[in-house]
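The data blocks that follow each hold one structure.
Heads up, the next two complexes both have subunit A, just with different partners, subunit B and then subunit C.
Let's look at the complex of A and B:
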């Protein structure tokens, strides 16, 4: 299928695990001269880990990298850059107050004195020859996101990078800027550069790629030429995989009154979202990441204000609910970002337990430290957080144990509504099962909104499934509807239902 | 692949430390202070003095006699109070460098009470002076807090600029409306009535300001450890996003931390005006508010360690005065040393978080 003669970089049997989680497992991938290779996969599939290995920022546990057929090791990013590998990150690494030309030459001025006219001329020449028009003397702070991205690309071209890796390059671009980028990519490929294009947007991949490799749970499940792919739906199916049901025991629970009602929520990337969660049920929101799940969750959980539309939480309007937060009978948010949002890494376990439960331990202005100790002890034990030393810093916990601590803390508040965002992402299967058990058990007293990129998780836990695409809800169906379930991949890809 | 490694080069890279340090951290900081002493010794050589004699004169002057130690303690009192205040704001990652101005306003508030109601008995006078110092010093802290919250003004710039405004207000008062009739043209207020002067402790020259420090320190320790608001302040300082997630009243926390921060500096101004000078005059401004920043940083914001480092930096001031008398080194020498201690401490924090490792090249 792949002619070895043209291979610039060959990854052979790359594996990398973090604790018990296999981020990459025995990956073989070849990047060829003059071709655009798309790396497609859901969040947490291992795309970023793989590219970090290639860029020298992570060391693989096993496997090897060949550049032009020669074995190479990249102990740091410098060696990878020297080998001609350049990466355009989602978050640009530019000096905002400097000009385009200064940024392009940053760190490789090649002498003690600068020659601005020569630098500008060089940048202009590079830009024109690669179809990346830009004014070399413009200040970066004044540029649009698309133009900033062009500066990043020019930086790599100036360093003579031969392999250009783009990490979800269109995430920050307008559609027009995206079109320009695709043109530039084809142009560069035609000039013999190799392009790796990381994405989870299927349409883009179909448009721009010559070859596509699909990653699922750390493994490459398919590698094809794009003309071998029948359609976008075909890609969706490969990305999502076959349904393999997990055994989660769900006892019937009576569904009662609504705990969350969202009506015509718009703005912040949302387009008229309406949904209801009732006590006793789990509503699973599925969709490819970046289709409005984040703003939806952040608005429901009070991190950003709704622009248009209404939200009612536990019978109260959004504004009232968040201005008079109560300890129990409340909303518990289990965020995807466990370490940066749900916890304070340098505080100890009992202080982290206190973050959202502090109102339950106050007596006037005082904190009842003794009770905090006993209650956090019992939560840590009940949710088997290991190692459970209350006085050790949260940063020392593994992802799974940290998540169990967060879950224990949030359940301690006896919430009426639970918003769980990617609750098992990056966790090993045993911990994930624990967490599923806790969520299913919580239906007794709460309604649960589950946001996940993992369809298996969504189908095995949810009572109802809601599919989001481009800020809209495209469909919502009962989990027992097998016909709809088989088409969920298409819906996630934006195919009309 | 590994067999291709032919030799190790002395090529250092920087690695982030995975484990947190306990004992080593203290060692690193001691090393930093020692290093700044070495730099000071080098400066002494530069001036043509013997470094050994210079450093020993410095230490002797600071800690060599009972009288010297008492002097250190007296100077440590305002430094401690300013530093305790600064540390509260720093906990919340609000960079209050305005203790100097808040100190001035505290002194002004206390003086206003003292010279406006000279007939009050001490049981009413002292609490009123403290109350005024608390309010004015606190207000001087709250202004930048409000500007930060409402207009997103950088508190570093605002607190710094307010220092100059505060000093000018103080100058205006002592050169103008508050100038004493019998001062022979010197800028100073009337001497306070004896009821407005904090007394000395027993037979020593120490004043009861020391007790204010002790109580304030204990109160702050309890505040952070055992109150809900103290916990919220601490947690917000650790992770602002988590504070938002958990629904902390962030704006209120900023205001309160700056109020307390300014109020403690204000009390320092009260103690200086009442116990040390017995009146208000421009010489009250000797830079305690800036020293407080070094002290808070040295002590890693811990109230107990702030006590120790206040005493040490007060010792540096006293010792540098002695050095000035004995070796005729410039008065700025003490300030230079203080600056060097801060810089070496800041440099040392790098080694708390990172270490050097040898890079292996193939």
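Let's look at the complex of A and C:
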């Protein structure tokens, strides 16, 4: 047995909540010298919050951070940088119009005056010694995503950061660039840097990590050395957790005609997807984020055109449906992005209510304001949106209340097909239950396509479950099929069924 | 045209281009940090008044010139207060500053109308002024013109070779990157707004201390607006700004001479010439792809985190 490497950073009992939502709860985590630690978890599991706390961008509600055994506080990013913690964000923080060398030295110029040739030489030397090939005098705007990421890494190396945090680093890379990154990561770890690697891709974690910590709903549920992990499926099971049925009362509803039929939909990251949603049922799509859910939803909801394949919505072909919108029997889309896509943050509640509904509120070119007020009032009351002042701006609502407003607005349109994307992500359990109740109730008049990363949600709401992996539908089964349910983790990880 | 006609015209070009050059450099400095300042005209007016009155009161022309710059800095500070502290709209604040500055200068300047104050007089530079052609065109001017030769080069070196210059540019392009690099983007925007205001004020002071030695209302006469347009023409490059400023200086000197020569072209048409050129230049620079040189965060306020 080799002696365990020394701990450089220890997080002790870190908790952070946003309103009623616990983003991180009592997290303990140690980062060791020369090791690659993977932080694995679904979207919304609290990975990014935890790393933002470590990088000094967020303050924990409680808990402490020890660097080399010494208690430290990071009131801002600067203190974290000084402590040797560096972060490569998913969205690069680079100045596009400047050269690679200028970007690397920004904020750590080492003197009042700059010497561009010396800067370029330094960057070149640093790049070569770490196997990160790059031209120091190139303008960042001309670089590929992989090269830009290398600039970010060089920034941290130049700063002599000892702990390098990567937030989903392969999300923007081509597979080849990903391979290069993994090589660089191992190389840096071998030189004594500690690497934290945030990801939800199981394959990469198995490949590069020495240790893995699994986050679920803001808590660390498992922490292991990678050689203790038997297989990817093992990881998948840990990530999605044990299935526990939630108490959602589902009354039997008669399933009638199809409201959505997708046939061999391909392109935009999809590979021959076919599925049917009938009135009266909820079809839950599960899968690790980024396996084609997004393009599928966007194509169904008319945000992007289908490349190949056919979609029939409420009995009409895709093109006809979106060119002749009707007022009843509509498609309602409840997007994941509540504040950006579903609402206008600086408009008030009744104007937000009008965004997708003008039915009965028009008189020639005029809006019937009085009616808008009464109807939106009744929606706000029925869905208990708090605080329910119609004149307050949508941005002042919490995530849960905003979601209830969106739901109320969409249900008001009497939809025949509802597409709900992560409808309870980031919400507290009481609000989530409300929303589940509304969705289950809506089956009376509509078919529902539910896209979720939360297996419990999928199993308790859905009548049928569809598993997606790499743009394909791996399997589709009835929710009562317990045998398949136990294997869903494997399917999500891409294991053949 | 004979050399006897061209040399004085070019010399006049340099002289009338100088205030525009100072103002353009100030606007470039400000915009490089990401703050759009449409208040150039107002800041110049304030600088002109402050320069004139200090020179009139103390008899010290250098003190007057400095006062012009400092008052520009204060006026720029108002813009900074609105945009950087209260996160107000930069376009509206700049326009308001123009109206305020011109108004204040006219109001406070009314008692000074027609008064004369000591000002800068041409001093030929030894040796250089004896150069054929170049000498009379560039080196027989007042000292402020010689200063204006140095400022663009200094500014260019500042942007390229100093820590503060690098940071100021990064703030104008991507304040997020600055934040992540561990320094405050707002500090460098203040630097941009204040120093930018200083140079704009100098441009104004040049008008009342060297271009004329008298006070008159509306001394700036739209030069601030030309500077705003020249920033785009210069692609935010201090060295290119020299070219732009002399192009306009030349147009102004030319129409002035044309008027004096008793041409039949109506004077109001001649007065329009610089502005017609402004529009042409703007269209031309946009068409040539000047937008790629625009600081990416220009006009975008830095919202506080959370």
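Things to note:
Criterion: the second predicted complex is superposed on the first by the 487 of 497 C-alpha atoms of A that agree within 3 Å, B and C clash if a C-alpha of one lies under 4 Å from a C-alpha of the other, contacts with A are read in each partner's own complex, and residues count from 1 in each chain.
Rule of thumb we're sticking to: contacts are C-beta pairs under 8 Å (C-beta built on N, C-alpha and C of every residue); 3 or more make two chains touch, one makes a residue touch a chain.
These numbers come from a predicted model, not from an experiment.
Once the two complexes are overlaid through subunit A, subunit B and subunit C clash, as defined at the top of the document.
Once chain A of one complex is fitted onto chain A of the other, the partner contacts of A:57 are limited to subunit C, with no touch recorded for subunit B. Contact with subunit C, but none with subunit B, is seen for A:105 once the two complexes are overlaid on the shared chain. Contact with subunit C, but none with subunit B, is seen for A:81 once the two complexes are overlaid on the shared chain. Of the two partner chains placed by the overlay, only subunit C lies in contact with A:94; subunit B stays clear of it. When the two structures are aligned on the shared chain, A:356 is found in touch with subunit B, with no touch to subunit C.
In the superposition on chain A, A:114 contacts subunit C only, with no contact to subunit B.
Contact with neither subunit B nor subunit C is seen for A:225 once the two complexes are overlaid on the shared chain. In the three-chain superposition, subunit B clashes with subunit C only at 91-99, the remaining stretches of 91-99, 127-135, 181-189 or 199-207 being clear. Once both structures are placed on chain A, no subunit A residue is touched by subunit B and, in the other complex, by subunit C. In the complex of the two chains, the subunit A residues touching subunit C come out as 57, 77-78, 81-82, 87, 89, 93-98, 102-103, 105-109, 111-116, 155. Of all residues in subunit B, only 1, 13, 20, 225-232, 234-235, 238-239, 241-242, 244-247, 359-362 touch subunit A in the complex they form.
Looking at the complex, you find that subunit A touches subunit B at residues 64, 71, 73, 75-76, 301-303, 322, 325, 333, 335, 340-347, 351, 354-356, 358-359, 361-362, 365-367, 369, 393. By the touch rule above, subunit C contacts subunit A in their complex via residues 160-167, 169-170, 173-174, 176-183, 295-296, 305.
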